[in-house]
Amino acid sequence: MGAVAVPVELRWGDQDAYGHINNVAILRLLEEARARAFWSAPGAQDSGIFPPLEPAQQIWALVADFQLRYRAQLPYQRDPVWVQMSISKVGGASFTIDYALRAAKHDAAPKVTAYSTLVMVDRDTGRPQRLNTEQRERLQDYAPES
Amino acid sequence: MGAVAVPVELRWGDQDAYGHINNVAILRLLEEARARAFWSAPGAQDSGIFPPLEPAQQIWALVADFQLRYRAQLPYQRDPVWVQMSISKVGGASFTIDYALRAAKHDAAPKVTAYSTLVMVDRDTGRPQRLNTEQRERLQDYAPES
Amino acid sequence: MGAVAVPVELRWGDQDAYGHINNVAILRLLEEARARAFWSAPGAQDSGIFPPLEPAQQIWALVADFQLRYRAQLPYQRDPVWVQMSISKVGGASFTIDYALRAAKHDAAPKVTAYSTLVMVDRDTGRPQRLNTEQRERLQDYAPES
Amino acid sequence: MGAVAVPVELRWGDQDAYGHINNVAILRLLEEARARAFWSAPGAQDSGIFPPLEPAQQIWALVADFQLRYRAQLPYQRDPVWVQMSISKVGGASFTIDYALRAAKHDAAPKVTAYSTLVMVDRDTGRPQRLNTEQRERLQDYAPES
């Protein structure tokens, strides 16, 4: 299956005083893209790998690290940007998402590339929780095509 | 013509510690809806009443006042919310937008209603600038239906 | 006792593309000022009228309405702005905060004035919950001086 | 001289639905800390290495990359967090800031460590601009102590 790409809307307010999308706002866009690609919608048990991203869930996914490379300035635009994601690594209790954010779906050059490791933890104890077999298999469907 | 309604995407990050869309984030959603309804897209001279909302423009629209009524909690959802807007007043250098934000386009009850006055000012002097005839006429097209 | 004033730090990122503090960010500043003035610090039972503003509390304070008047542009500054607050009304299950945000503590003219009604609700039922006698008395200490 | 540490205030609104400071908000805190440590305050030519971080400046500092490691959850607190920064690398037109964010100034363990490369570019051409001699020397004052 390989990578998945989801559209995310910019907001005028994502701009900073330099009149381009702020580097912090980029991280917000990647958060939203990730949630839409891999978690079920709230109130639904749809096709997400994980149940809805809600505090009442016993297992939380926490961001353990993030690496971002801002390759070009991103001006505000009305059309959504596209965030392509693949899963480059699946560990026992964690997985790594690779991101490429483009101003248009079929642009050659991404504006931002990034990757982040998410760790599954128990909300009460804070301890890492192993991904189950189905989750691991479904995550592996998103392995980057070689 | 009356009111216009535009969809705006929520973000998971718009939630606060109470797990609902934060009251501050609501104001951000209204800002985005307003920009999309009445200003041209950046780099375009499309159907907007005003040119693109960019700092290089000589005339800026500043928010002079805002009144918000939060009628019900708004949980995060994947589908966009809909912001219906009409122009309830057109002054010499200002106009007033009435907003109703709904979780779905055809919901009866809005989650939030609001109105805000925007004042056109010269970016260099900060002085109010009169709306031109075309702008006034086009704004009046959005008068609430009585 | 009358009004209370608390300092709140601006952030460079509170600016929008116009290079001034964004109108939405102002609402965030008022939220922070309010929390610091009337709620105990997290993990403490200090001098706040209400216990720490945490989702685990049974009673939540929700913003029911907000009125803001933006009187002058607020540029980014390193020194904190000062938010003066008084309690203009105490109802059965609600109270109203009046705000004046100034660039410096002793400025004559505020940049923003506002008021908002907060309603106490039960987190599970969503129903209004009456303020208790001590809370009402302490809120009345902040009545505007006449 | 080595590292510099600056306090930055959290906001209640920096929390996400999990009731801890959101990973995106952390990046905002680091942005503010960096601005306060190395840029002059607006309207001043104070001790900053660079002139005020304003769009009217001819040379902009853009974030080229960011690496973050979230080592522990950060709950909201009233006291500021402390961001310690040193300059680990000075290039021709760029420099690298190392960050350690702690819940209290003298905590042993940071909650977050990070580093980011900033590139100086001409605001009109977007081209890299060399740091001048004074800037390079002053940046080198913040080299990590070995």
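In this document, chain identifiers A, B, C and D correspond to the written order of the chains, with residue numbering beginning at 1 in each.
Quick note on the criterion: a contact is a pair of C-beta atoms (placed from the backbone, for glycine too) under 8 Å apart; a residue touches a chain by one contact, two chains touch by 3 or more.
This one's a predicted model, so the numbers in the text were calculated from it and none came from an experiment.
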So, comparing C-alpha centroids, which chain is the farthest one from chain A? C
Two candidates, B-D and C-D; the one with more touching C-beta pairs is C-D
Using CA atom averages as chain centres, what separation in Å is found between chain B and chain C? 24
Distance from chain D to chain B - Cα centre to Cα centre, in angstrom: 34
Chain C and chain D, separation of their C-alpha mean positions in angstrom: 29
Indicate the residues of chain C shared as contacts by at least two other chains. 12-13, 17, 19, 24, 28, 31, 53-55, 76
Contact footprint of chain C on chain A as seen in their complex: 12-13, 15-17, 19, 22, 24, 55, 76
Quick check: in the complex, which residue numbers of chain A touch chain B? 8-9, 11-13, 19, 28, 31-32, 35-36, 41-43, 53-55, 75-78
Per the touch rule above, chain D residues touching chain A in the complex are 17-19, 23-24, 27-28, 31, 53-55, 60, 62-70, 73, 126
